[in-house]
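The structure under discussion appears below in the form of structure tokens.
Chains: A, B, C and D, in written order; residue numbering restarts at 1 for each.
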């Protein structure tokens, strides 16, 4: 899980695209120091005509990439009826910002034996985020990781307004780990590295960063907020250099999945 | 459905409580001129320890109330797996504000043969609301009713900020009917009647209003925003009096459900 | 002043442009039923390179238009040092949204013997608006008119989000009259008439509407939200027709200014 | 001024209270490494019955404290007519959040020969902040320092939502220095140190922090967000320790004011 004194970096593309790009990305972020690989098989998209993710095929690619590289997988689940299937593939389940208050889904992932990254809703208060976490916790799943990913304001230069004060605030209110997603939080590649370092300085337990081998050819509009492989490496250099001065160390890649781990995460 | 030139009033308590209070409320709002009765069997609640609705038992009470009074039922469905069950009871399905971007749920109600009231998300733009409606429409369900129910702002005197300009704006952007929920939109009983009349004046096709026989004893916190029966009657007097001056008439109560109607809504 | 049971319509262009267009506009709105004429001589503009108003020359034009038509003048004052000069010309002083919390300015207009229209700040709570009014009241000026003009939210289809619930809310909190500016509140010409009527229905004591003889040639960007003369006449037809059904009558044009009135407003 | 590669810390109480507490605070923050001392003589207060600052007496105390300690003074000016007087005392003028769009005031400080700290309006976009800066710059004053101090959102745990992404965003848009006020930005003492360090990590050129010798006895409500002297010292230890790892050094205290410096700042 996410340990005290460690800083966990989760990286990967917005969506699973081809096996080749997914594998290339996974290898690269693992090599650069990521603890976990993230990529979406099921994508919540505002427009029903946008690419909605590869679905089951995406899960297969993620499993193949894990077998090949050993890197453990974070992926989003969007509906209660798919939790079991997604949890069979994922090492960590992600609940997206649109589903923070999808209570049937929260209860269902509360029954899964997988850690859950719970993203703050776009217009959710910290109080509501904590109540959403309780929906998961009270089903017996203690491994909830809170994720600040930007809230909606009038500002248009950034896609959202990343509320970094949520990090120390949540640390006052709960013992749950808190990570930050500076990619969705800003929507701009150039702002990701400084906000990633600021997250670290604010006391976050980790970051989740979008990385794509060729962001301008991303299948989703999130390419604009994705670092390329070299950009992610440079960010990781800075993270590794700074961590000791904040009394933390980089969390190592999660150990390879074993038949046992596959069930207990 | 909701017809041009008509103003549809949907009224009822936040949640189904007992058979007796639900029946009393349904009789009263039907008598006062409501076209449809609303009450929640499944309640999305921020706090997992709050009353979550009676669930299946609530659906049974709603069916009994319909048999007894003939009034047709609007009720919320919160998860894809329950759409079939809820649609068997409901005459109109409601998608709550927290689920406006619950795309699997939208797809599922798109397959149901029931009209759907789609509430705007707390922080959703009109563009996103329309895209959410498309998720339903593209599954073949043409009967989508958009509902403005207040957005989240910094103001704290009201529970939300009711965005009435959404009504004429949506009229420019879509042919779908638009109704307003001034109860959730304001969170204060005293503000419901003026905002209901303002909705009418802004061009809304109807309103959805919370009414409870004894609001201070409501099982949910929404009692603060519920009209009592006499308050609803007074509001309906005003609505009936004003409608002709806006070139509209009150939509009559939906006809009693027949075996055929039960399937085709 | 603004009387109980009356509905006061204030109309005119964003800015004073030429004597001819200003006169044409004043004549037309007076004829259509406006009680007061509004036009800015000093314009607060985001961009320092935008047209900032004609200043003193604008005040002269306004005085000439009043002499010619008899219509009384509402105009904005932006700095304490100009209150005396602007008050000599204006019959009613306007404090714009950007200056709601300009406390030295509020104090200064509190000393002027002119009614003051105080616009709600773009991000001001009702509580803050009332406190701002107190700054004026406590200097001895009792004639404060509160104006809802839209608040800033994430929505981009409209320029601001017009918070009509502020009208009945303020009616619960204060005895001061409350008017609405649907032009700035929406930023779109097409939305002004429905929101003007909705303001009336919500209980407002009046409206302030931008009207320009040729909106597409307006010297400011506010042309997009200005009605043309025919559009304003149509709106006034609707207002006059509806007022009796809300128990109100149209406020007549303020009486011609006399030497006495010039001092006491 | 604020130099590239330096990190400028501005500290002091919300308001000038007594000579003794002001002197004690100035000595302490100077000793701990602050470059400038901040304290308000004129205070913008929502409620007209709240303490509005000591006014002229406050300026006198600030001058006495500067004579005694040598520390240079930042203080707020709220109206155009007082710019000359306040600039005679202040080494740096502050424009508060409520006055970001007070254009006559911006023009007036544009004529003053003092650097100006321009705070972002509570609901101002970055674009509007930059335009406000232009009002100052185009009068010939090149020494504008932009200050992010939190924007208004729906979140209530914090007083405002500190938008740290504004720091790297502004760095892309302008050459002007950017500082952060984590005290007003959060409204909670406990959140100030982490957000101060996060500001540094995000690339800010400095911070402005409220410090009070006895925060619980502060004459204003801002005591809740003020560090005490020991808390500020601890924060400065962290700042000094971390700066080299971000390629910066602490800006030294501004040199003692000389007759020349008094005029040219």
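One rule holds for everything that comes next: contacts are C-beta pairs under 8 Å (C-beta built on N, C-alpha and C of every residue); 3 or more make two chains touch, one makes a residue touch a chain.
Computed from a predicted structure; not experimentally measured.
J.: Chains shared as neighbours by subunit A and subunit D?
T.: Neighbours common to subunit A and subunit D are B, C.
J.: Taking all residue numbers used at the subunit C/subunit D interface, answer same if over half belong to both copies and different if under half do.
T.: Copies use mostly the same positions to touch.
J.: Between subunit C and subunit D, what is the separation of their C-alpha centroids in Å?
T.: Here subunit C and subunit D have centroids separated by 36 Å.
J.: Which whole number of Å gives the spacing of the CA centres of subunit B and subunit D?
T.: Centre-to-centre distance between subunit B and subunit D: 50 Å.
J.: What positions in subunit B touch 2 or more of the other chains?
T.: 123, 127, 152-154, 156
J.: Quick check: in the complex, which residue numbers of subunit C touch subunit B?
T.: 123, 125-127, 151, 153-158, 161-165, 167-169, 172-173, 185-186, 188, 190-191, 194-195, 197-203, 241-242, 245
J.: State the interface residues of subunit D toward subunit B in the complex, per the touch definition above.
T.: For subunit D paired with subunit B, touching residues are 152-154, 156.
J.: Of all residues in subunit B, which touch subunit A in the complex?
T.: It is residues 44-49, 78-82, 98-99, 101-105, 121-123, 127-128, 131-132, 134-135, 138, 152 of subunit B that touch subunit A.
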